[in-house]
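Next up: some structures, all given as structure tokens.
Below are two complexes that have chain A in common, paired first with chain B and then with chain C.
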Partner chain A sequence: MNRYEVFLKKLGRDEFRHAGSLDAADPEMAVMYARETHNRRAEGSEMWLVDRRHVLVADPESMAVNDQKPHRHNDGSRVAARRKENRNSEA
Partner chain B sequence: MSLTPAAREYLLALADDEHMIGARHTNWIGLGPFLEEDLAFCSIAQDELGHAIGLYELLLDDAGTDRTQLDAFALQRAPGDYRSCWLAEIKCLDWSDSLVRHWLYDRAEDLRWKALESCTDPVVAALSLRAQREESFHLAHAEQFLSRLASTDQSARIVASIERLMPIAFGLFDSVATEPDMLAEGFITQSSADIEALWIDAILDDLKRWDLDVDIVAGPGQFNEQRRTVRSDGFDALQADLLKVISLDPIAVW
Partner chain C sequence: MHTLADAPTDGRTWSDLDDFQAFIDAGGMVEPGDDMPDEFRSEVFRFIEFHANSELMGGLTERDWIPHAPGLRLKQIFLAKTQDEIGHAHLLYMVAADMGVKTRTEMLEQLFDGRSRFHNVFHYKAVTWADQVAIAFLVDAAAFASQRAVFAECTYGPYKRVLKRIVAEEGFHMRHGEEMLLRLATGTDTQRVMFQDALTRWWWPAVHLFGPDSPSGDTDPLIRWKIKSQRNEVLRQAYVQKYVPLLHGYGFDIPDNELHQDADGLWQAGSIDWEPLKATMRNGGPDSARRIATAAGNWADTAWVREALEQ
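The block that comes next holds the complex of A and B.
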């Protein structure tokens, strides 16, 4: 048995989204099973399956570094506060 | 009532086959060999029950009977009033038997629905198209599973199941007594004998492709005299099982 990741796309402009995974003996059977395990109520109109062994996995350690960079998080609140301050001083 | 008695009898045989095979397949809910297969097999069961419901509703509508009587019609007839074949009725305790039965049955079912594709009754013709779309999945499932097992050390088990079930499977083609009228009326385009010949070709073709050596001993017509009116051993227990919930409260409305 091998593991496959299932992605579904609804009709329209939505992107493909991860729907879950399944185990199957080979790719052909994986596609056959996915129809019932993840699309039995027609949740999507298109489906991708990816062999888990073909997924490139990033190192979580290397990703975690970016959590320490608050200057990259701009929610606009500082700009809004400054503009409010300016408005008040003009009045 | 627009269906002739012959047409009603013919459709009832198909409906009862679908009902019984669907009910038997559901015995595997939660017990399939692995989760994905459990879901796929139970989906197939649900499809077959769906076909039965479609046909039962058609028969009730035609008789002017309210559809609230569907459960009673499907479940509470006297055993002698069912027209199912033995292949659909019997209990298969072994997974290999159930898988082989599914293949033998669906190979035939696909052909039987095709014979109704250009039926003079538009509701039947529409049901036929819907069923055939679902059958393509059932056949793909049977083909993929069995073709792989055939090349493993489990092939002897598969062959044993085929040899055990094949003689019973020929009962699929025991036509109801009224079939000649149906052909004359143009309700069906192929006789059970025609369908049987196509089915044998398809079965032999599969076996050859899977490289399985099976002696097909029973010939056509072995069960012909029964004309689907005699129930198999174990039918009473099956019906009692199906009636378990209804019997708890016979006047409950679902």
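The block that comes next holds the complex of A and C.
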């Protein structure tokens, strides 16, 4: 038995989404099980199956560093503040 | 870095149960890679295993009635329903197996050995086709209500994600149930008597499905950890409020002499005898032995398929 991760997507919409996992003896059975369990009412029109052993998992700490980089965002507040300051000094 | 197949070593940890409770109370969700407290792992595993067993035993009953379903449309519906229920079992056994307490094979073998528990309603005999209608109308609805109440919070991520599909499909079963009930209710006298007899058999098991009142305060760990979002008696009461008027509306009698409306117009069930429920939890219900033996027989008969697939 191999354990597979199932991903589904509607054609032309959104991204592939994880739908669940299943055990199957071979790829052909895996595709059939996935269709009959996770796509019973055509929830997707495209499906990916990935052997769980081939899914790389990044360490959460290695992900977290990017949560502290405000310079990668810009909400426009600095420009708004400067404009307001200019208006006030003109008045 | 590791692969999804390796035992994760980088999940979250909690110093003690209070620390874990604070995480839950702050809206936290537990994922399989987390170093969850042993108490949480074993209680949640037991709950999911019970749910998985119930879906499988329920699916096997549905299957038995496919040949007896009147007409092609109902045969197709029962085929689909059987597949849905077996699918629910597949989804849940996978989530349970990934908790690392028992393998799926261990869970199945213990179920077929009569060492596991499953929902009370699958310990009774379905006598006529009308019983299947009563099961779809009453039991799928009760299962829907209790599963939806788990889905509402459900702090174990993989369980919550599969419940989304399960609850949606249970909704189809409920609507099929109402359609089939309408057919019997507006049919011949024989059909109405058939349904009344089935209702008399299935009313109490359906009410029992919600279980006795939850332990007082917050002593039920599944409520404290927000796996369950509602107390048993709250769900049971909501069910009675909804189904008593519906069944009365179709002109059927509910087998409860003490059933009445209180001063606020709420329906109050009579005192509930919990002995039949307890018997089913010991696998000592009226049809437990036959059902378990049939399921075990199917498992044994299909051993060659599993062996062939392993080649």
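One rule holds for everything that comes next: the second predicted complex is superposed on the first by the 75 of 91 C-alpha atoms of A that agree within 3 Å, B and C clash if a C-alpha of one lies under 4 Å from a C-alpha of the other, contacts with A are read in each partner's own complex, and residues count from 1 in each chain.
As a working rule, contacts are C-beta pairs under 8 Å (C-beta built on N, C-alpha and C of every residue); 3 or more make two chains touch, one makes a residue touch a chain.
This one's a predicted model, so the numbers in the text were calculated from it and none came from an experiment.
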A:M32 in the overlay: touching chain B, chain C, both, or neither? Say first, second, both or neither. first
Legend entry - Which superposed partner A:E5 touches (first chain B, second chain C, both, neither): second
Practice problem: Quick one: classify A:M63 as touching chain B (first), chain C (second), both or neither. | Solution: neither
Max touched-residue count on chain A (chain B vs chain C) belongs to chain C
- In the superposed arrangement, which partner chain does A:A91 touch: chain B (first), chain C (second), both, or neither? neither
Looking at the overlay, what does A:G20 touch: chain B (first), chain C (second), both, or neither?
second
**Asked** Between chain B (first) and chain C (second), which does A:R40 come into contact with in this model arrangement: first, second, both, or neither?
**Response** both
Residue overlap on chain A between the chain B interface and the chain C interface 1, 22-23, 25-26, 29, 33, 36-37, 40
Listed in rising order, the residues of chain A that touch chain C in the complex are 1, 3, 5, 20-23, 25-26, 29, 33, 36-38, 40, 52-62
Per the touch rule, the chain C residues reaching chain A in their complex are 1-5, 8, 10, 33, 83-84, 87, 90-91, 94, 98, 104, 161-162, 165, 169, 309-310
Listed in rising order, the residues of chain A that touch chain B in the complex are 1, 22-26, 28-29, 32-33, 35-37, 40
Chain B residues touching chain A in their complex are 34-37, 39-40, 43, 137, 140-141, 144-145, 148
